[in-house]
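Down below are the structures I want you to see.
Below are two complexes that have chain A in common, paired first with chain B and then with chain C.
The block that comes next holds the complex of A and B.
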């Protein structure tokens, strides 16, 4: 009886895995098929000839690398900004006592109650008034507004897990407040910072809507909107190039994930238990 | 000159008053315990001395210098935390060296000083480990090492032994006393364990509800408690406290309660007849013969002695006494007993009613005497 249950469970699990993995597999396969094989019926599961011409085309004959650079700048800048602000904010929310501390922590989550479509127009108008519209910087500001609240909560629960005595001990041992923060709090907070950074990076790397609305110059476009506008027109979708672009867009995330995966899962764990 | 001084110190968080009107002068080289039940303000007092909390009112002096506005780093103190507060990402050696590093001791000098402390506390083989790889006792010694490495003016210890098992605690008590003797530094030691306070201290400051109840050497605290709270808090089993009436008897003042009348020794000047509380330590009851009769409620044999609880007469007060083992008593049976009247303490009514006995109490030294006739 238990054997059957186990088999059924395994079957179910593998079905789910396959359902998730197949599109990824198909993406890679499509990106290396020659044009001639692309629409053949019945489709070939494994390509008969493997070609990297689409990748080559993408890298040499399109603006892909510019978009890629924009995306890297954008995501790194957003991540640094968000982590810096969230670390200091979380420290304040956990360590200092002031009126409205708890309400403040809840209030920042209100951003998530409103659909982004509602926020995007006022944000756009504000950025125009600031004179930064159509720049990567404007996207950094926009992404910070929606990544920061979650980052703050994530880091807050990590911060709450660091005993206050550690900091007191450092003060007594002769450290200044900043010194204690640097020597004791930051190393303790590292897993939290890494998982927050990863979360923010993924969010900004994959963001589409804000990028579409706030930026319409090629000089500032990130990968998501850039690839779309470049390869998808009303008449035609460049499937091979699109798939090659998708593979290359996923690589940085997959690499980051592979190295930092344990931090990320522990981060979501801590957020879930205490937040 | 006092090494550490609190002057009218008060600490309140909103409506919560943690420490109130605290006056305390600790001499250089003294080992002083802050003793009291949980929540009485011991940790707050220590943290104010360390500079981690700031008094709402009053002054704190270390070595004659007012330190109210000085950050912890500039107070020349070291502290051992109840949780040990070892830095988890540093090795034992780095933990112990951290205070030196923060005070600008050159790198070359740190090694020998860490090694010296490690040798004193037998931490040598552990220097490369991280705190989580240590047992509770070892962590405690590392925390101590981090405090000792710098030779500060005052050591602050917040319940450093409370997380250890009973056997290790006894051992560390002796070690700390030895350490204090060797260093000759002022130590302020917070504990809720009266055994620790009684065995280790030069003087004990007993706190309750944020107020200082008594500040005296252990023997004095035991023999002449300043008020009813101290009397009930110090001693195991605790002192018998009987509420009753102080009245003028045929041969001087007399304490009366249901089933009991006891002539009491000289009283403090100005004591008036009226409600009062009699305190009698268990060792000042004697069983077997005597003028009083009681019903045995409970007999606890501890081996070398027996703890006996009796009630006097019908609905009279319940008293606990100790008696040498071997007295055949059975629960529910009758027993004759005597109270050592001259050893009794008298307190004014109320939970912290002050002591009414005359100064220089006879009770502490009085030879056992028969109880007076009712």
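The block that comes next holds the complex of A and C.
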């Protein structure tokens, strides 16, 4: 009796899971179908012939590799900048006492919730005035607006989870504050830093609006706007090509995701939900 | 002798603390506080985007904003979108979290598959869904017609109310994993004895859910709803890429209106005014959320 119920429950649960995952499955299937099979009626759920011609076209005949390179530079630069600043900032916010500390924490949380469309107009004006618009650098500046509050908030909760005793012990033993930070705090914070870095990387990798507004040359365009421009510029939409681009674009995310498995419950969810 | 030395050390420490936070504060002022203030200031001007020339108009932007039908239509769309997608995210998210909390075959694989929509880029999600929704070759129309639900291919994104329903569903699909992660984390901390006691008292699964699980989840759900309400309200990418606000302006929300004013109609000042009003509306949720998080901190 219970065995049958267990099987039924599993069947039901997996049906739902596969339904949710179906668009992703469909993306992969479409990307390896030859053009002739794509428009066949009725459609084939598994490709009869598997071809990688669309991937080849994507890499050799479109700007995909340039966009990919831009996205990597952009996301890595944003992540390194933001995590470095936020680690020091989080240490200060959690372990030091000074006036204005609480208001600052409040400001961080507030900016974490701020809509990008409010900031984008003045940022656009600012970057145009500075003469840096249309560069990857300008996007790094713009991405800081959402990535820094996010990383700071996340690192702050990781930092708060490190017991104070060890640091105090090191201080009693004569270590300087920064010495204790380097030798005691940093090694313990490392898992937190890694997962914050991965989440920040994912956020930057997926960003669209700033890239749309601030960059309109292929030399600096990241993947998000680059791939969308392939959709708009194509005379008749080559869905297989776009699906191949989507798959390739998701590969770094899958890698980051695999690393993050163990941190999932303390990442995206906890950053916002547990104060 | 000890007391003054202590304060000297403390003073030295707070100085170090200020030095450590200084880069954060500088960056914050440059890229967030300054743009925020200048957005409000800009909303009192009329600025032509390509030349960036313009003049002071005072509150004129706000007056014409409140008098324009487009603002109210966009606000209504924004509320419909937020309420619709949020409700589905929470319902489906809690349901899925309950399922994934059980002993499922290949549970970690199921969890990864469920979480993936949240991590994938909105651009990828939109491309895939546009392909699924495609009126001629889309798989959805084919399956629906094969199942006999519809006789004729449906235009999912070009007509109303289909377009609004479609973006609400795609939004729910993309963002419900957030609810799953948060609820799952909370479910794992509900003490098992609570359930055992209820089972001894003869409570069935439904009663156990309403008497134990739901009250335990209440607090985390309030936070989730506030947070997701804020994020859904300001969503730009998904709606812009799915429908572009169309047909005409039937799915145009406030973020899309701001973008359109600033970069398509070239009225920067007006766009800033829309952005400020939008932020004022969101401020209600933000204050509620921030209060909530501060209360819960010991």
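FYI, the second predicted complex is superposed on the first by the 244 of 275 C-alpha atoms of A that agree within 3 Å, B and C clash if a C-alpha of one lies under 4 Å from a C-alpha of the other, contacts with A are read in each partner's own complex, and residues count from 1 in each chain.
Assume contacts are C-beta pairs under 8 Å (C-beta built on N, C-alpha and C of every residue); 3 or more make two chains touch, one makes a residue touch a chain.
Just so we're clear, the structure is a prediction, and the values are computed from it rather than from any experiment.
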{"item": "Which superposed partner A:52 touches (first chain B, second chain C, both, neither)", "value": "neither"}
{"item": "Touching partner for A:173 - first (chain B), second (chain C), both, neither", "value": "first"}
{"item": "Which of chain B and chain C A:184 touches, first, second, both or neither", "value": "first"}
{"item": "Partner chain in contact with A:250 - chain B first, chain C second, else both or neither", "value": "second"}
{"item": "Contacts of A:259 with chain B and chain C, given as first, second, both or neither", "value": "neither"}
{"item": "Which superposed partner A:165 touches (first chain B, second chain C, both, neither)", "value": "first"}
{"item": "Greater residue coverage of chain A in the superposed arrangement, chain B or chain C", "value": "C"}
{"item": "Chain A-touching residues of chain C, taken from the complex the two chains share", "value": "10, 13-14, 16-18, 20-21, 23-25, 27-28, 31-32, 34-36, 38-39, 42, 52, 96, 99-100, 102, 104-105, 108, 110-125, 127-129, 131-132, 134, 137, 139, 142, 146, 173, 178, 181-182, 184-185, 188, 220, 223-224, 227, 230-231, 233-234, 236-237, 240-241, 254-255, 258-259, 262-263, 268, 271-272, 275-276, 278-279, 282, 286, 289-290, 293-294, 296-297"}
{"item": "Residues of chain A that touch chain C when the two form their complex", "value": "9-10, 13-14, 16-18, 20-21, 23-24, 26-27, 30, 38-39, 41-43, 85-86, 88-89, 91-93, 95-98, 101, 104, 106-111, 113-126, 128, 141-142, 144-145, 148-149, 152, 177-178, 202, 205-206, 208-209, 213, 223-224, 227-228, 231, 239, 242-243, 245-246, 249-250, 253, 256-257, 261, 264-265, 267-270, 272-273, 275"}
{"item": "Residues of chain A defined as touching chain B within the complex", "value": "163, 165-166, 168-176, 179, 183-184, 187-188"}
{"item": "Contact set on chain B toward chain A in their complex", "value": "47, 50-52, 71-73, 77-79, 81-83, 85, 87-89, 98-99, 102-103, 146"}
